[in-house]
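Chains here go by letter, A, B, C and D, matching the order in which they are written, and residues are numbered from 1 within each.
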Amino acid sequence: MFRVTREPIDLQELVRHVTDPEAGAIATFIGTTRNHNEGRKVIALDYDAYPEMAERELRRIGAEAMKKWKIAHVAITHRVGPVALTEASVVIAVSAAHRDDAFQACRYAIEEIKKTVPIWKKEVFEGGEIWIGTQTGQPLPGR
Amino acid sequence: MFRVTREPIDLQELVRHVTDPEAGAIATFIGTTRNHNEGRKVIALDYDAYPEMAERELRRIGAEAMKKWKIAHVAITHRVGPVALTEASVVIAVSAAHRDDAFQACRYAIEEIKKTVPIWKKEVFEGGEIWIGTQTGQPLPGR
Amino acid sequence: MKVKVKFFAMLRERAGTGEAVIDIEAGATIGALWEALKKNYPKLAPVETRLLYAVNQNYVKADHALKENDEVAFIPPVSGG
Amino acid sequence: MKVKVKFFAMLRERAGTGEAVIDIEAGATIGALWEALKKNYPKLAPVETRLLYAVNQNYVKADHALKENDEVAFIPPVSGG
């Protein structure tokens, strides 16, 4: 299950999706909106996305995780649009027979999401707003 | 929140407990009952515990994680009594400003739980039952 | 030939639209399309951030040759998660 | 003096109870209490697994001297998670 949605993310639904009697370990990662970033007081985040391509990239990340580790299932949902403080912008759930695989694949997924999935975060802070990533001029991952 | 309970574990409750506007990352681990173990077909697990001491040990593990990593909150619940296939026996949730701390502390907590918390798993399998750990004669962590 | 162009995030704001149909010579590269767009949408010209290119929802290189009806996107540095 | 002993898991099954109040000489170590228990509960005698010791819910060593009303537990290898 790889999804880009404007609705609040249902963690329990992702966990249910990866639950499997063959797999004794589920690792999840939840990214939530934080009230500060680089000295700025954050009021909210607002995500833009290229939804069809983002879902395709999420699916690709899931498939690569399946190749790299012995895992049973992966589910990833990324929220777009405005996301209030403490709400989840992204949830990843990975199940595996053994916890080491579940943890490593979950960690891999969030690192990859931040590198390649066409989703953009606009930070609305006290005194302005900024598209994260684009303002920094930081080099992109080589392709 | 460090708890030993006979009731099904409410993942969402643990996540709510660690959610914090200062912390943008939540890592969770869910241990579920698997249908096989060392070649045996598992029907169910049945956990015994020394509940007061187990909660005290869970709290100690949480406190040590707070010392080792920059994390905001930890919540751990371990279920005891019979746990059906695919149900959670243990849930850990850790929040942090940065995901690296959340992942590492979550991983640390499950490793420690398996070493020091006075909880015992009886595996009910086709053809018998066995207390896991006690039958193996494996050395305990030195103290 | 016509291609469909998609703008996101900062580019969406600067172009003033999320989508446009653009007429360009057959066989043009996606890099050449970007140069053409900067003339159609002057506010795109000062964009200095590095862009990735996608055609039909797959990343491609700047010298990728476009085809009629391709769905083209310019991808500023992503910041999901 | 009297101490409260708790049995768990395999030990609970072998002792046939989860809890017992045991009379033992003042100042006895927890290791000595275990030897005494094996006489009271013969099914505990064949237990070969290594045990940890806890007094009042803290792990202690085998030579820990007990006090009146201590809550004592023998901890077989744990297997939670």
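Observations on the structure shown:
Note that contacts are C-beta pairs under 8 Å (C-beta built on N, C-alpha and C of every residue); 3 or more make two chains touch, one makes a residue touch a chain.
Note that the structure is predicted; figures quoted are calculated from it, not measured.
The remaining chains, with chain A left out and nothing else moved, group by touch as B, D | C. Across the assembly, the mean Cα position most removed from that of chain A is the one of D. Between the CA-based centres of chain B and chain D the separation comes to 25 Å, rounded to the whole angstrom. Each chain gets one centre point, the mean of its Cα atoms, and the points for chain A and chain D are 49 Å apart.
Residues of chain A in contact with at least two other chains: 31, 110.
In chain D, there is no position where the chain touches two or more neighbouring chains simultaneously.
Those residues of chain C lying in contact with chain A across their complex are 6, 8-10, 12, 48-50, 52, 54, 57-59, 61, 73, 75-81. On chain A, the positions that touch chain B within their shared complex are 11-12, 15, 19-36, 85-86, 95, 97, 99, 102-103, 106-107, 110.
By the touch criterion given at the top, residues 31, 47-50, 52-54, 56, 78, 89-90, 110, 113-122, 131-140, 143 of chain A touch chain C in their complex.
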